[in-house]
Every structure is written in structure tokens, then in C-alpha cells.
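Sharing a structure here in C-alpha cells format.
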Amino acid sequence: MWAYEKRLQYPINIKKKDLRMAKLLVTQYGGSNGELAAALRYLNQRYTMPDDRGKALLTDIGTEELAHVEMISTMIYQLMRDATIDEIKKAGLDSHYVEHKKSLFPTDANGVPFTATYFASTGDPISDLTEDIAAEEKARAVYENLIDLTDDPDILGPLLWLRQREVVHFNRFNELLNEYKKMNF
Amino acid sequence: MWAYEKRLQYPINIKKKDLRMAKLLVTQYGGSNGELAAALRYLNQRYTMPDDRGKALLTDIGTEELAHVEMISTMIYQLMRDATIDEIKKAGLDSHYVEHKKSLFPTDANGVPFTATYFASTGDPISDLTEDIAAEEKARAVYENLIDLTDDPDILGPLLWLRQREVVHFNRFNELLNEYKKMNF
Amino acid sequence: MWAYEKRLQYPINIKKKDLRMAKLLVTQYGGSNGELAAALRYLNQRYTMPDDRGKALLTDIGTEELAHVEMISTMIYQLMRDATIDEIKKAGLDSHYVEHKKSLFPTDANGVPFTATYFASTGDPISDLTEDIAAEEKARAVYENLIDLTDDPDILGPLLWLRQREVVHFNRFNELLNEYKKMNF
Amino acid sequence: MWAYEKRLQYPINIKKKDLRMAKLLVTQYGGSNGELAAALRYLNQRYTMPDDRGKALLTDIGTEELAHVEMISTMIYQLMRDATIDEIKKAGLDSHYVEHKKSLFPTDANGVPFTATYFASTGDPISDLTEDIAAEEKARAVYENLIDLTDDPDILGPLLWLRQREVVHFNRFNELLNEYKKMNF
Amino acid sequence: MWAYEKRLQYPINIKKKDLRMAKLLVTQYGGSNGELAAALRYLNQRYTMPDDRGKALLTDIGTEELAHVEMISTMIYQLMRDATIDEIKKAGLDSHYVEHKKSLFPTDANGVPFTATYFASTGDPISDLTEDIAAEEKARAVYENLIDLTDDPDILGPLLWLRQREVVHFNRFNELLNEYKKMNF
Amino acid sequence: MWAYEKRLQYPINIKKKDLRMAKLLVTQYGGSNGELAAALRYLNQRYTMPDDRGKALLTDIGTEELAHVEMISTMIYQLMRDATIDEIKKAGLDSHYVEHKKSLFPTDANGVPFTATYFASTGDPISDLTEDIAAEEKARAVYENLIDLTDDPDILGPLLWLRQREVVHFNRFNELLNEYKKMNF
């Protein structure tokens, strides 16, 4: 089970409204390579890891990805919070507004709702860890694309930090995969 | 953010394999009225609750629903863990086995993958809390259906406890809804 | 069965093209909280209501929601009907045009096709009626969002009327729910 | 708008429980070639038919398909209504029961929820009528498959009648298509 | 099996970036009436055609549709290839860029991912060929809509050619359907 | 473009009907880790590979995966071809029969239709190749699960061969990934 700690893993404090970036960031919430897909993928796969080390690693990273979901959600919320109807219209966010007002919803950047088909779980530890490594690479690539699209340091800071975390996770999964291969799991 | 505590919210200790119940329980993991939909619904909606009390309630219950996801996952895993190939074939779980072996996957009882379209977030607190109350009623109904379908006390215990938690959540949401209505939010 | 009457439940007569509003209104046709989801939800659930009063109420409101689908469809059609290719391009409706020209299609405001996962049917009358009450609240909230986004009285008239109907339905469902609770269904 | 008449287009009176047929018939409710897809397809396409005759034909047949949805729904409901938990288990309908008890839900025979992607609307009358003709052929084929799978005259009667209606609709659509081709629409 | 020939079925050589058209053309790649749906539909249905002529026709046209997928893909790629970040932002293609950079993805024009629910396969040759004829009519209509939306001869050339191929396929399917009807398949 | 060669990449000649295996094998046709997902993934990603070697490798393996789709399709077709209605009922394949008779349809083993959300394309060659490596591992794992579930040498032969091909593809993708990493793509 989880205990909630009332703080973000990394501080978010966005001062400038940017509805366009809100529309794009959402893909790291509910898109195919986003943080929700990562969290659910790891927390789902952990049961069939062949030893405690594997179970612990997936639980640990899965739990951290939940914190990333919260960071991304907070960024999107702060970016939209103070927008007027006119600003929403101008930014083309009215298609979000009609259904969700200023609340969030886990979709990709085109508004396609999150689906569990974005990840896989074969129960084979080699295959599952390789899938996890690919997930980290894809999330890294999306963070880099987002970084290309903004100059706001309040957005760039958390994005650079999140991108770095994906690299750390990539390395930890890779290490475990190599050991499991040696152990012929 | 969340800290993981290495214990279940309520103990799960299933001694008898029951592949049929594994196939049915999964709906409370990844089905339309299940725990994952509940957790994501509340954690998603909390940002636009109009006061701290609302934000806290949704965070609190959302976090508990994550623990319920873990309980249900553990039940499914324990029910399948020791099954032989022959038992899997006989129980008609071979369509799960080919894709997931003995790992989990968030689907409904027919194998349809989880989708965020199972919940809504309108950003209107009255509407969102009413949706949450309905979610608790639907989860309660599904727990009652599951309880109809088993006699195993190791399964019934957690199901009865989980059903009861939905009633508690229902009451807490209802209370807040009534206050928000008085306050004309 | 149903007999078609060649008139709308409430007159629609939109004189000013407004392609942006056409793109937004469609969510009340094929979106998660829209009229089609409502109609199908009630007509689907009616069979397992525990008495004739419940069956009749769901049939009655379900049938009215079909008339609302027709009103919304007519509004969208009138808003697009006379648009030129250039106007369609400028309004960003070209992604609709390539697939549907000026015909309709049941999607949400982002173009995601309608799916039955937007509603639930548990066969438990208390749970089903609570879901129906939530559906009416969500539809009301979406009508209010749409009303925020236009000044055209030809659009506002029907929207205000439709919003009011959702309130009426909410009350009727609520009344029945309270009686069913007393009767311990 | 529509007025409800409290009678079925063709009488349904199934005396023998048959849960397997209930599981199969549902495809003509919520499956890709089913009656709901047909009703929504025609009622959606009618706005852009080039003359009143086309609009009337699609409205007329679309309205009749709603009555077919009701017939199929009634059949499924009657087939399941009196089943015991044990019978439901034995028939493999427990995956339906956990989520829907004895209520209905629009899915295909595998439990995949209805989606509007089952039909198309291009706004080109020649293309739309050709799509409609194909829809009638597909529904006919599915009725024939269902007829292969039962011997119960209470089920066969309505199925044979419904199959025949699809042939009538096929002919009416074909006739209009041929005229529209002559008129170079 | 297939052998790849390193040439396009019809030459594509687009000299002018046009990100808006890239966003629209994608529907003929991954949309409901697009080339991928056509290719998979025919290659899937061929096994149950009642004679070698039917099997050969579906294999032949299915294989050609794969070449059309490649043509459309090449067009989209050439239209985006040299775009700067600023141009991508201005064209509203940033929601594509965050997830896919300049790579392709099979979606419709709104970004909804390709799904096999776009086509049907009933195993009845009359019904399957009628579905195929409808598919060709729908693809033709979408090509005509795309042709309405551009003036660039480098885009118009391939679109006009592809539109013509759909007419040829329509005729070939129609011919076979008429013979099969005579032969009472 | 592609030229069809009227032979399978590896001979399929199944003499014994086995409807249960037909139901399971379909996941390698239309399931999340299946051959169709692989073929479309590689053919889609090839455009943004940074050099000709990458483009050629993805085209080459993508084309081979189309041949694997054909092999799997042929296996399913041969397994069902001669089944009687009674055999179909007994094997629980009647839910397939009502919609598709004995024709194929790209779904997973539970009947969920194929969707492009099963794969990703980020346009970053390192990320795309890592995704491809994961795809090969997942396909290998599914082949091993299928091999666990049958004793028929006519089925085992092609499955073992196909499994081996995934290992070959894994190695080729891995090799290219390592070079691209050295070249800092």
C-alpha cells in the first residue's frame, strides 16, 4: 500500500500561463509513452519477477512514476488555472474546456483517452524488462520533444529533471536485465 | 508523492487455486467499475475541487484505491500462481496464458483492456462528486456479484472488506457533496 | 418500438454559420457525457428495473434523449451546411471534412469516436439509477461549458432548454432512487 | 423526435432459457454488424442525403432498426432472466454476470463494447448508400450464422423475420442508389 | 509471401512543405476509409473466398493497397521532412511532434489510432465483396475531399491516380460479386 | 511496393483440426505482441531511420513479418476449415462463428480487435530500435507460451521456426542499435 506525502517529488511553480504547452504536456500524463503507462506497467509486472530484487525494483520505480504523474498533472493544472475563456478559445483548448472545463483528463496530445494497450506484460522477465527499457527510452524521447517546444524555464526545469530520471531508470532496468540473462531466467 | 509500505491494506492469503475466480476478479482491477478506474478518477479530479477539504478527500480515497488495486492484484496472482498448464487449459484461461503467462493485465472479465473512458472529469465539483458516488455504488454492486460466485472464505474475506470500504467512501463523498450544494459551489 | 414524428422536440433555426461551435457541440452528440450515451444508457438499463414504474421512466427519458440527439445533430448540421472550403480550412474543420465532408459523426470534441464504455449497466437498480443521476449532472455541466463559449441566441436558446431538461431528468431519477431505497430494492 | 409505442415490432416470447444463445445474440445488439450500428449509421447519415426521399428513407429504416435493437434486447433478457447462478457459471456467462448481473450491455459476442468506428459517414450519398447496402448484407450474414446455431423455434422465428427485413432494406437502399447514380449525385 | 521492390507504385516528389496537408493525408494511411484498412481487409478476407479467382483477386488488390500505404506514407514524410519547429507549431502539428517527432503513425486526421474495427469479415463471400465495394467507394470519396483541399500539383498528381485505382478496384470487385451471385455462392 | 509470391515463407500443413489452438494462435495475428503489430511497426518507423542501412533493415524485417502474418493466418484457417457446427460449439468458438463464420479477423486471443496503440513510433532512432528489440522479445515469449499449449508437430514445426526468426531479428536490431549508439544518432 501507499502513503501520500503532501509534496511533489520536484517543485513545480509555473508563473506564466501557456495553454499550448498544457495541451502538449498531457501526453506525458495519458499518452502512449507517458508516466501513467509507465507506473501501471511496472506495478503490474512486478508480481512475476523471479526474485525479490526484481519485485522491489519494479515497485520502487512504479511508485516513483506515480509521483511523476502528479508532477505532470500539477504542471498542466498550473498552466491552465488562470486562463480566461477568450484565451482558451484562442489556444484551441475549447475542445478540452467543453468536456473538462479546467480539470485534467488522461489523454494523449490529440485528446485520445489513455488505454492499457499502451503497455504489455508477458510474464517472461527478460521480455518484460526489455519492454521496460524501451518504455524509458520512449519517455526520454518525448521529454526531448517537449523541451524543443518551450523556452519557459519554469517548464524546462521539471522536464529536464524528469528526462534525467528516465535515464536513471533505464540504467537500473538494464543492469537487472543483464543479471537475469546471466542467471538464465 | 507516495511512499510505498510493504504490506497490504488487508491481508490476502489464498490457499486454494481457483482459476475461474481469477478470471472474474480481474474486472475489479481493470474493468469499468474497478479499483484502477476509481483511483485514477479521484486522483485526476482532485485539482479542481473548490477547497482543501475536497482536494484532501479525493487524494485520500484515491490513494486508498491504489491499495485496493494492489489487493485485487495479489488475489489474482495467488489464485493463478501454482496452476499447471492443464489446469489453465481446463479453466479456459489459456487465452490469458498465451499473452501474459501468469502475469497480470488490467482488463475486464472478458479481457477488454482498461481505458480511461470508464470515468469522467467535468471540472464541476457537483458533477464530479456525483460521478464519484455513482462509481462507489457500481463497485459495490460488482463486489456483491463476485461474492455471489464463490464460497471460498479466503476470497470472501477480502471481498466483503472491500465492499464495505466502498460504502464508507460513498458516505464520505455524499457528505461533501451535500455541503458543497449548500455552499453553492 | 418507436414512431418517428417529423418535428424536433424544440425548434432549431441557426442563421449564422459557426464552425467552431459545430466542432464543440459534437461532444453532446458522441462524447462521453452526451445525449447518445444517455439515450443508450437508459434504454439499455430499463429491462432490469424492478418494477413497471422504473421500466417506464427509463424508456420515457431514453426516448426523449433520442430527440435530444436529433436536436444536437440538427444544430451541427445547420452550423456547417453553408460553409465554403476556405471557411472550413480556417476553422480547422478540415480534419472533419476529409473524412465526413459535411455529414455528421458521433465523436467527442477531439474527434474520438463514441464508445459504449462511456456508460455502465450493473443490473443493480440502486447503482444504475445513481449512474443515471451522475449522467444528468455531467450533461448539465457540459451544457454550461458550451453556453460559456457562445453568444449566438440561436444556439443559446436550445442549449438552455436542453440544460433545463437534464435538471428535470435528474429530479425524476432522484425521486425514483429515493423510493427504491425505501423499498430496499 | 420519436414516440414510444409499448409493443415490439415482432412478438418475442422465449420459453426456454438458453444462456449460450444469449451470449451470441448480443452481437446483433452491440457488435460490428448489429442493429445498433445500423440504426446509428442511418440516422447519422440522413442529414446529407441530397433530397427528401433519401432523408426519409434513412430516417424510416433507422427508426425501424431501433425497434430491432429492442427486439434483440428483449430476446437476450428473456434468455437470461430466470437463470440461476449455477446455470450462469456453467454457461460461461459469469464474466457477464460480474459486471452486469442480468442487465444488458451493447458488446459483440466476445464482450467488446460497441464503438462508432463500426460505421462510416462520408457525406457522399453514393458512398454512404453503398456502405448501407454492405451493412444490410453483413447483418443478413450474421443472422444466418445465428440461425445455424439454434433449433429453438422461439428464437428462430424472430431471427428469420429479422433476416428478412435486412433483405427488404437492402432492396430499398439499392433502388435509391441506382436512381442517385442516374441523377449523377 | 511478399518481395519488396525498391520503388513506389507511382512516383512521389513533393517539393513544397505543407504541414496542414500532412495532417489531413494521414487519414488515408490510418483512418477508417484508408489504405491500411483496405489492405488488411482484403488480405484477411481472401481465405474464405469460394474459388481461386476470388482468392487471387483479394490477394492482388490487397497487395496493391500495401503499395498505396507506402505512397501515402511517403507523401506525409516528404511534406514534414524539412519543417522547422516554428513551422510545426504554426501548423498545429506540435501534438504530432511531441509523440512522433517527424516519424509517421497510422491514425485518422484527428490523431485517433488505427483499429481493425474499421473493417469486417463475415466469411460470406457475397457480404464480404459488398463490404469491399463499399470500402472502395468510401476511399474514393475521401480522395475527392483531399483533392478539394489542395492546389499543389505534386500532391494532386498522386491523389488523382490513387482515386482512379479505387474506381478500378470497385469495378473488379463488382464484376466478381455479380458472377458469385449468378453462381449462388 | 511489394510483389506477391504464391508460396508461404515456411510450409504449413496442418492435418488435425484443433479449434482451441485456432482461438489462441490468433493473438500472433492481431494481438498486442503479434506479427501484424510487428510488420506495421517496422514499415512505419523506417522513414525516419538516420541512414540507408536502418531504412533497409526495417523494410526487410517488416516485409518478412507480413509473411509471418500470412503463415499464422494460414494456420488458423487450416485449423478451423473443416470444423462442423457442433465442434465449433464445443470448442467455444461460436462467438467467433456468429461474426466471422470461418473467416479470419485480427484480434487477440480474447477477441479484442487489433489497434495501432500496440506499437509506438517516436522518430528517435535509438528509442525506435529499442522498442523493436522489445517487440521481438515479446513475440518470442508469446511463441513459447503457444508451444507450451500444443503437442501437434504440424503446429509446433512452424511455431518453433517463427520463434527462431524473432531471435534472428532481435540480434539484427541489437547490432544496429549498438552502432547507432556509437555514432551518437
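Read from first to last, the chains carry the letters A, B, C, D, E and F; within each, the first residue is number 1.
Just so it is clear, contacts are C-beta pairs under 8 Å (C-beta built on N, C-alpha and C of every residue); 3 or more make two chains touch, one makes a residue touch a chain.
Predicted model only: the values in this text are computed from it and were never measured.
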{"item": "Chains touching both chain C and chain D", "value": "B, E"}
{"item": "Most widely separated chain from chain B, with each centre as the mean of CA atoms", "value": "E"}
{"item": "For chain B paired with chain F, centre-to-centre distance based on mean C-alpha positions, whole Å", "value": "33"}
{"item": "Chain A and chain B, separation of their C-alpha mean positions in angstrom", "value": "22"}
{"item": "Gap in Å, rounded to a whole number, between the CA centres of chain F and chain C", "value": "41"}
{"item": "Sites on chain F at which at least two other chains make contact", "value": "32-33, 92, 99, 101, 107, 110-113, 115, 117, 122-124, 141-142, 145"}
{"item": "Chain-to-chain touches, reported pairwise for every pair that qualifies", "value": "A-B, A-C, A-E, A-F, B-C, B-D, B-F, C-D, C-E, D-E, D-F, E-F"}
{"item": "Chain D to chain E touching residues, read off their complex", "value": "32-33, 115, 117-118, 120, 122-124, 126-127, 130-131, 133-134, 137-138, 140-142, 144-145"}
{"item": "Complex interface listing, chain F residues touching chain B", "value": "20, 23-24, 27, 31-33, 92, 108-112, 141-142, 145-146, 148-149"}
{"item": "Complex contacts: residues of chain C adjacent to chain E", "value": "85, 89, 92, 94-99, 101, 107, 110-113"}
{"item": "Residues of chain F defined as touching chain E within the complex", "value": "1-5, 7-9, 30, 36, 40, 43-45, 47-48, 59-60, 63, 66-67, 69-70, 73-74, 77, 99-107, 113-117, 121-124, 128"}
